[in-house]
């Protein structure tokens, strides 16, 4: 079933308003998506009827809060094919998920000279934690390269993975939009004896996802990019890995016993959830997942792929060589976004002029500075879509680009 | 909402007020395991004495709420005199009964067969606990600890 | 001005309902408080009008989101007398705040044999991170003792702080309710050359707080206990400490530059805020702080002190020696809670019976297992109050205790 | 809502299209500093050549948006030929003008005196930037970098 964008837009309160007298054309969902009313209602309903701290209360509303929180874990896990809730850890964002891998698994398993393989299009979230470990422990980072059209270059995979302990790559570039061949990399990594971590931040909101099918050992994603609230992320990992890993953050909830001279960690998944968790946020994320499931992730994918195709075709038709779209040009190879350069106008200036037309795009390095250096630019402009975008949004982007041209040429 | 009468059945309060098999056993020949309830800090130590594959004595030490104490007490009477394999089956039936909470969350598994429950005797009184999910850990604490003791007893190097 | 509890209760949607046919008597705010409508409205309003990721967007709603987020930082900081926003770091909860201290400051400054002084009434949040460091680095933990009536024993302070590098203590015990003489300890610690970290989780919601007056170098507190949402905590620390500390979590937002072989951290406070922050939660917390300020923290303190006095007096009068209240018996020495033992009935059972009467109290070890061992109990029952509680709530607790006695005796 | 005309004044676009003092200076005798805008990845290098306490030349390299480029260009014409102390005063006046955003957040500081602003000449055109808080970092990038260069030049071991 196709997505009925008019109906969908009505579910998102932010589109009820005009911004500066203009219709809001929100093309920055890759930075953070908007939220449907169902997500806000789930959180408000929770706070208004049954809020209490979870896991320890022996009274009705605390039991209900605990039940809802653990149910949210199951729902969110099931959304990415993670059926064992012990393997689903709530973090504050996917950045924390990757830090958890680096601090806990990394520090327990990696030492001087150990090789971690990343790609040249990683977000800083899957980069800085490893750079910290390189500085602290002397691990060695190796980067998979890109093809000229911005795909992951797997031609030398076997050689590049040789001796690696971990391969940690994004499933979808937040700059190029490129979908990476995760399964192929995972199989090669496993053959080389390495574990595989996958950054699903830009995949899960847009493409039906099964952690098992991807071949991932660790998989992270983040709530606020998938119609969910801020303040919550997820780390999924295989149980045996999580069981062997030392705790990361220490505190309440993650222990089974504490003495003045030591402690024993709790069972999974709570071992990795220190302190009061993002309870309302977990419920909000579960509501987001339900909303996406109702639309159907296949339909979401088709809708966004069609938008990518339309964007690439219509912008190229309107602006020819004046627009340079980074990354592969077939919509099937990308998620829901395009990055571009337009007539030498700096992305900051582009974005500023577009805003005057109600069109929100992101301008900057998108937390992927090494990739920017690879592309030879300081910044790009990026337009990204979600379930509430349609072709008129892309047309509005094109119209606004014309105006930018007028001002700066 | 489930009421207190579902939880605090008379037989449960009886085992709580008059716990059976309290005490300790010399280790060895008995085997002892200690379990914690991380929620409330309760601790229980289960002593198991076997002869061949038969459990000839069980004793309980530690402290806890009415649910954990009565569950332990009922468990001790249920497994004493049984073979290790028979005891394992009781453990598994009991834990199955207690996992209704998990099923409720998932919402897709059938109720326990009433045959299996019949085996549990008095212990069926604890079925009401599943309506109070946080208390399930109280009810299962002694069982998990006992199961660990059985594993240790059954281990080759014992 | 005294607190008008009837009016206040109307501000909290959760009190609009009955639970199991009974009026909700919520006495578990020390675990997590309820939220006024103003907090939910602040978050919904944000999501419904101007949600976008912060700090990098060059369009109107992103600029507004950034402005609101940074304004929230100022407001929340000002609430505890922290006037330099560079010193106010948003975390996910106070547990993360203490892990940040231990991972960043701790690992940069502490080695084998270095002494960290805690107290015997610390929450696991200010205990497990140090136990982890003891295991990993061989630091030595020393515990300040308690007097018989559950106060911090400062009689041997000078000797106990000798040679310490850090003193990390709670300002208010979440079990005993005891307020600790933070200033006295801080002065002694500074004289001994040690830094001072203070756990303000149970102080900030209940007592007017000035980090400067406390003499703290680090100060942590948590949003969900002070009428704010879940998913947000705060770490305040002196700028020169934060500047010298290495980053903790690595990722987006916390860098100024990233290369394939290294990175430079961003300015304060962003250096310690990796990834998308809890934006809506920060706004919600700012709204909570505004709500408390409108009531007036002096009035809040007076109201809750009066409730403590009433609880101690009325329960003692009703139950005499059948009730044992832990900690000091004068209300002025405690925050807004009492822990107690009642007629040998296990706290879990007590709480269960109380729930039947709509009375929510916490039963357990309250994430303070070493203190439980010190008290010689496995668990306590704890009743705690906030601005929406009144004397009838305490009377309801007393009535429910009578019923528990009936069932278990 | 502030409009684009507040931001993209004609004089700003002129300096952007025709940047003054682009280029490099040999180091030494000149001093060079490089600054980053962490928001967008822009980089700027400021070359400062002094004779005694006078700034005899300033050159700019690097890339950036219209605001950062024009601000740098205007800065270079404003400080060239001034003494280090005079240049420092211009920097401070300019940064004061740019900190209105901070004041708006705090809400408790007075507007800049118009006298001080008059000193800035063309640079006053950048005042509109404060209505676009994220762009303030674009406008101040070259100034912060220049201030660092002045500090280094003025340092005793230079």
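Letters A, B, C and D mark the chains as written, and numbering starts fresh at 1 in each.
Keep this in mind: a contact is a pair of C-beta atoms (placed from the backbone, for glycine too) under 8 Å apart; a residue touches a chain by one contact, two chains touch by 3 or more.
Small disclaimer: the values here were computed from a predicted structure and weren't measured.
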| item | value |
| --- | --- |
| Pair sharing more residue contacts (C-beta pairs) when C-D is set against A-D | A-D |
| Chain centre separation (chain B, chain D; CA means) in Å | 75 |
| Inter-chain centre distance, chain A versus chain C - centres from mean C-alpha coordinates, in Å | 31 |
| Centre-of-Cα separation between chain D and chain C, whole angstrom | 44 |
| Centre distance in Å when chain A and chain D are each reduced to the mean of their C-alpha atoms | 37 |
| Residue numbers of chain D (touch at least two other chains) | 1, 39-40, 132, 135 |
| Residue numbers of chain A (touch at least two other chains) | 19-20, 56-58, 60, 62, 255, 257, 348, 352, 363-364, 369 |
| Every chain pair meeting the contact rule | A-B, A-C, A-D, B-C, C-D |
| Chain A partner contacts - residues on chain B that touch it in the complex | 1, 36, 38-40, 105-106, 132-135 |
| For the chain C and chain D complex, residues of the former touching the latter | 55-58, 60, 62-63, 66-67, 70-71, 74, 255-257, 266 |
| List of chain A residues in touch with chain D within their complex | 19-20, 346-349, 352-353, 356, 363-365, 369, 372, 378-379, 407-408 |
| Residues of chain D that touch chain A when the two form their complex | 1, 3-4, 7-8, 13, 16, 39-43, 63-67, 132, 135, 138 |
| Chain C-touching residues of chain A, taken from the complex the two chains share | 13-14, 16-17, 19-20, 24, 28, 31-32, 34-35, 40, 43-44, 47-53, 56-62, 92-96, 98-99, 102-103, 120, 123-125, 127-129, 131-132, 134-135, 141, 143, 222, 224, 229-233, 247, 249-255, 257-263, 274-281, 348, 351-352, 354-355, 359-364, 367, 369-370, 373 |
